[in-house]
């Protein structure tokens, strides 16, 4: 059989295709002359499967879709505190190219508008990097997000730079306010080069999934940025990514997203999906008309909305039973985070004090985060303290080297059968 | 053993207790005279477990924390379209009692500021309801969210109403703009009564978890509002709930929240946790100082952030194996939503055409949403079309009455053992 | 002969008549149903001559044109300091019915928008006046400005009050911010009554000239308000009177003005002219289309612009000559203010020390202000100190009881001939 | 005797001297290092008399005080329509160096903020002028306003230009919006040079009086700009000159003014006085503290307020009498503008039809504007038409070549005695 996901995506593509209003960007000839009817869409899953329909292999310039990734790079290099000191994270309600600063600090409103993006561009790389070197570093990193080599569209770069004065105004204001220290023209050249990178909708889906995947590229499996950086970037995309109407986007679509004037949009739903779309006709805010519609359809038709996250698998976790040998068995299923760990610990609580042996099975635990780790360790420690003899089944080493209350290693086995064999 | 969650919460309580800055609200004597040092915190889990520390049983008036719930009631009664026509969902950057309207439509910015909340108050109940009747209906519904009978603080009601002119200004503007049709004084009286309900931090945690639980009260198991309503309310709380700095709250805390001038805060993380805090000292935006700090600590210490959702249990889903009788076995584990269903269907794709029997086991599937249902049904249908003989193990009836390609019912059994017995 | 001013005004009327765009106000039937083609214009001179053309005797409701006069009344009753503490004088750029307050003080932006006008309404009369009494007082004063008995249009009053909610919102906010202390509904009723007074374009020209005439009605010669009040009111009309575009109005028209939604406009050029126009079609800001055009024409065609004030009559002042008897004669012509007094004193300076007699002739001095008085007295005193024997010709008693340096009265005569007779 | 004006001014200087709060501008060392206690004040009258007190001869850089003059130059060269198409005339409420543009047109708010001043700078001179040439032209014109050669402070120019980025941001935005066509850096250099001109308070008083004098330098008697340009510039200074609080400045001071960060302020009261002050301590808006206070004192103590203009000399004008020979005599006194001409024409109206001879005496008319000219000519024509024989006494040729209704020249004589001699 063939999975019907291809067909679902084709349906979405077809239904959005009829949205033919909007206009391509015209401020430079290279954008004005693209075929306005192009439309491609791609989904990338956490496992790296890519579903693509339409013109998903056509190239276009990444433009503002580069902004969240460069913000991520700045966070990696400088840390949250320093980046926060250079750019706010508040939706501005202003157009993408507005002079939008905090009235007191003079900081740009957020890194998703040009002003903030020029600042984050300048935060990447060594202070004495040339514009060429800085933009090379950024492009190198963007390639890691995409998982392939991307090329600069030199014609777009040249044409955009000839038309640079608005961005020079923004960069000069940032220089005046002390948030960049290089010449405004240089900052704008590098920023324009970053924006002139050619990508496809397929590339964008991978880049989006990398953000949604905690920073690990789902295709190359390379860790591009740390998880906390993704959390920060996705948060900012949620309120500031789609230019206008932060509240409307969040309630009606509920997928952190970012659009670019080249016609691209990314959508990143943490742990779920990366979306890349390309269609050059833009609405009055500069968002791709079909891309916006496609995101809405994906959200609605596929139940993908940040506020519609499934509850943890509460029925399936920690079902207490017994091994054949009579030991108490607690099998945990699903990612071990606070809610699931809380459930597991409550199961531990229910174990009668006179039970001697307890087996905790993590075979079906695909992931564990720091709080899940902390809680489970503490639970195991306390079980020992209460006099239970604890064995851990942990074939994937989710909890390396757990200790009991006497700081002795708790026995860990790879396979449940091992335990049963040992018992019998 | 005793689960360490109590201790984690006590730790958070203790560390936040030292934040003693801020001032209690003073605009009415009843608020000015509360003990400013009170501090309670409660967590409620999807399974209905409540962890509470400090003054979590002390009563205070719910004030603006009632707003998301009344917005939910309006959505239930009137539907999204009509409610959207009466109130926007955009963060305003204005104070909670501002005259904050869309310049073109005259609509209030969002239902979390007084102006929008007065409008949503008036959308509840029949048009000819008296102020008493309307506020009774609302209070009844608030009690369902809390799972217990709540009482109006009559002294606060009287005192706030005597001090009503700012809200009368807001209501009069809404009457003038055509968004309410009752007398401004009446609207304000009912709204003030809704806000004067006595609650505890424990109540708030249950109310918050009800929103985070898709609308089902985790204690009473009553469905209070539909799931789509919760999604909408949580979205609006995310951008508009904490008055100022929508972007900063989302990135640093990442929990949809709402605060009240009485000192209460709720935090609702979908599928994960409901938080209720109470501490009367307020910051300059009118948010409880310790409550804000507690939310930040819960987010950071417990890994609870909307953008840090775990990936679906991709390792544990759809592990293909064989039954003892030799049939292909696909066991699905975890909530069946798009990402998990997509994985399951890809497993189906890998089944060789010459396999005659396929068993799909849903025993470990705790939840399934509409897209998961649609996708799994289609997959089962296609497996039959490819000539496989399919059996579904579905003890919890996650997929009622699945059909094959010939519109014949696919055999469903409750217990895996049944299949094996039948085979052998 | 007949003065051509009538014809000039008829020309202006005719050329403005063709501006037939704009719409009559429609928010109440009484305004919606007026004949939209009415157009009247009247000019009143400082001497009380009225030139009127077109429908200058047609009645319409005064509406917001009442605002500067009620502001004047508040200034008279409470003084500048107290009024300043209740209402700012800054152009808001907001519509006339906006919630436009200073973000820090909560004060309304200016007394020419409804919010500020409701506050100034409430500043008139004793604190315990009933709405009827307060509005009676105000109407009585408006009648003094007009020089005749004006009547309330009861149908408009009733209809506007039924439609009162926007103004109730403004009044409630003012009550909440502490700038009024009566019930919002009462304040709005009185304010609406003040606005429902019937006037004609002719009335408006007299009212405007009263303001431009330092507070003295040019027809009845009654002093209605003091001069400083007119200066303050005209200043505020200049920046805040024509709703939008303060700067544009000042540079292109340069006449302090105020418009009303009933179709009236007043223009007051200090010392020069009072203009009243009536034409019900309004532009998008709520200003009468033909009225605006007429003001522009009057300004341009008649050279009436606040920044085009003639220089003081410098050639004609203080021409030093000699009386027939040989005394030094300084004849002053024109209003004696700083610039003219400065010239006169410089003439005094030039009188050789050996001249014994000096005659200062004020026959041609129509007005003198406090600084002119002070300077001339000082000059006379110093002339005496230098040994000159000074005589003042002052038939109109512009300088009552001038003293010399020894605090002896300087001789004052009524008629120059008297001096010559005495000498000879 | 010595005129007491010196003493009045010294009093003002002394009373303002005690206002020692405020800080000198510190953004460049050259401004930071000036003696903060300097304070000079100068008044210039229409007749060219200068009264100066304190440090009125100390030099400082003109800075933003150059803006109204350069706006005037742009108006002269390009005309009102083209200049209006490049810069608005609306008070912005923004700081002087704000990015303050009309949201629709992208035009700068007014020519008194840096953004607008950079645009008007670029409107002066030929399009292909070098920055040096353009700023030379501007400086040459500024010297004409001052009536002496002014020098550029090269150290200030260099230091300001090193600190240029904020202005480059403004210029780049203006280039982007299409309002300037030269390189932003070049525009800023020229603008900075214009601002770095050394002036004294005495210079400023002459420059201010030139604007207040209809464009004629009161010292050199050179016409620097036409009268309509002064009217436009003074209008814009009134609403936009003192940065904040246009309404407050107009009502409390009522003198069109402009301040500079170098500590200078000019005040220009049309037809009355030019004020120049210098004191380097600035308030939070960047206005000289003592300069502001001095303007307020001059306004209050000297009765100099734009809304306190004296009425035309209505008692003294057109007193009808008879010549010794029995002819009707109408003597007009004072500037002949609309209000005075209207009075004169009404006197003409009162002349009985059977009077044969009428003499109109303009000896005491110092000025006449276009409407006065037009009205008087028409009146003379009509007198002839009614059968009167008219003679004009016009020694200063205020009305060149008046015609009667048959297009015959009306007899004009220089001296009243001539008429009497001829008659007798």
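Chains: A, B, C and D, in written order; residue numbering restarts at 1 for each.
We adopt the following convention: a residue touches a chain if its C-beta (ideal position, glycine included) is under 8 Å from a C-beta of that chain, and two chains touch if they have at least 3 such contacts.
Model, not experiment: these values are computed from the prediction.
*Asks:* Going by the contact rule set out at the top, which chains touch both chain A and chain B?
*Replies:* Output, common partners of chain A and chain B: nil, no chain qualifies.
*Asks:* Counting only C-alpha atoms to place each centre, which chain is farthest from chain C?
*Replies:* A
*Asks:* Measuring from the mean C-alpha position of chain C to the mean C-alpha position of chain D, what distance in angstrom results?
*Replies:* From the centre of chain C to the centre of chain D is 23 Å.
*Asks:* Take the average of all CA coordinates in chain A, do the same for chain C, and state the distance between these two points in whole angstrom.
*Replies:* The computed centroid separation for chain A versus chain C comes out at 66 Å.
*Asks:* Starting from the mean Cα coordinates of chain B and chain C, work out the distance between those two points in Å.
*Replies:* 62
*Asks:* Return the residues of chain C touching two or more other chains; collapse runs of consecutive numbers into ranges.
*Replies:* none
*Asks:* If two chains touch, include that pair; go through all of them.
*Replies:* A-B, A-D, B-C, C-D
*Asks:* In their complex, what parts of chain C are in touch with chain D?
*Replies:* Against chain D, the touching part of chain C is residues 1-5, 45-47, 49, 88-91, 93, 110, 213-214, 227, 230-232, 234-236, 238-240, 245-248, 250-251, 254, 256, 270-273, 301-316, 333-335, 337-339, 342-343, 345-346, 348-349, 351, 364-367, 369-372, 375, 378-379, 382-383, 385-386, 396.
*Asks:* Which bits of chain C are touching chain B when the two form their complex?
*Replies:* Interface residues on chain C, with respect to chain B: 99, 165-166, 168-173, 175-176, 184.
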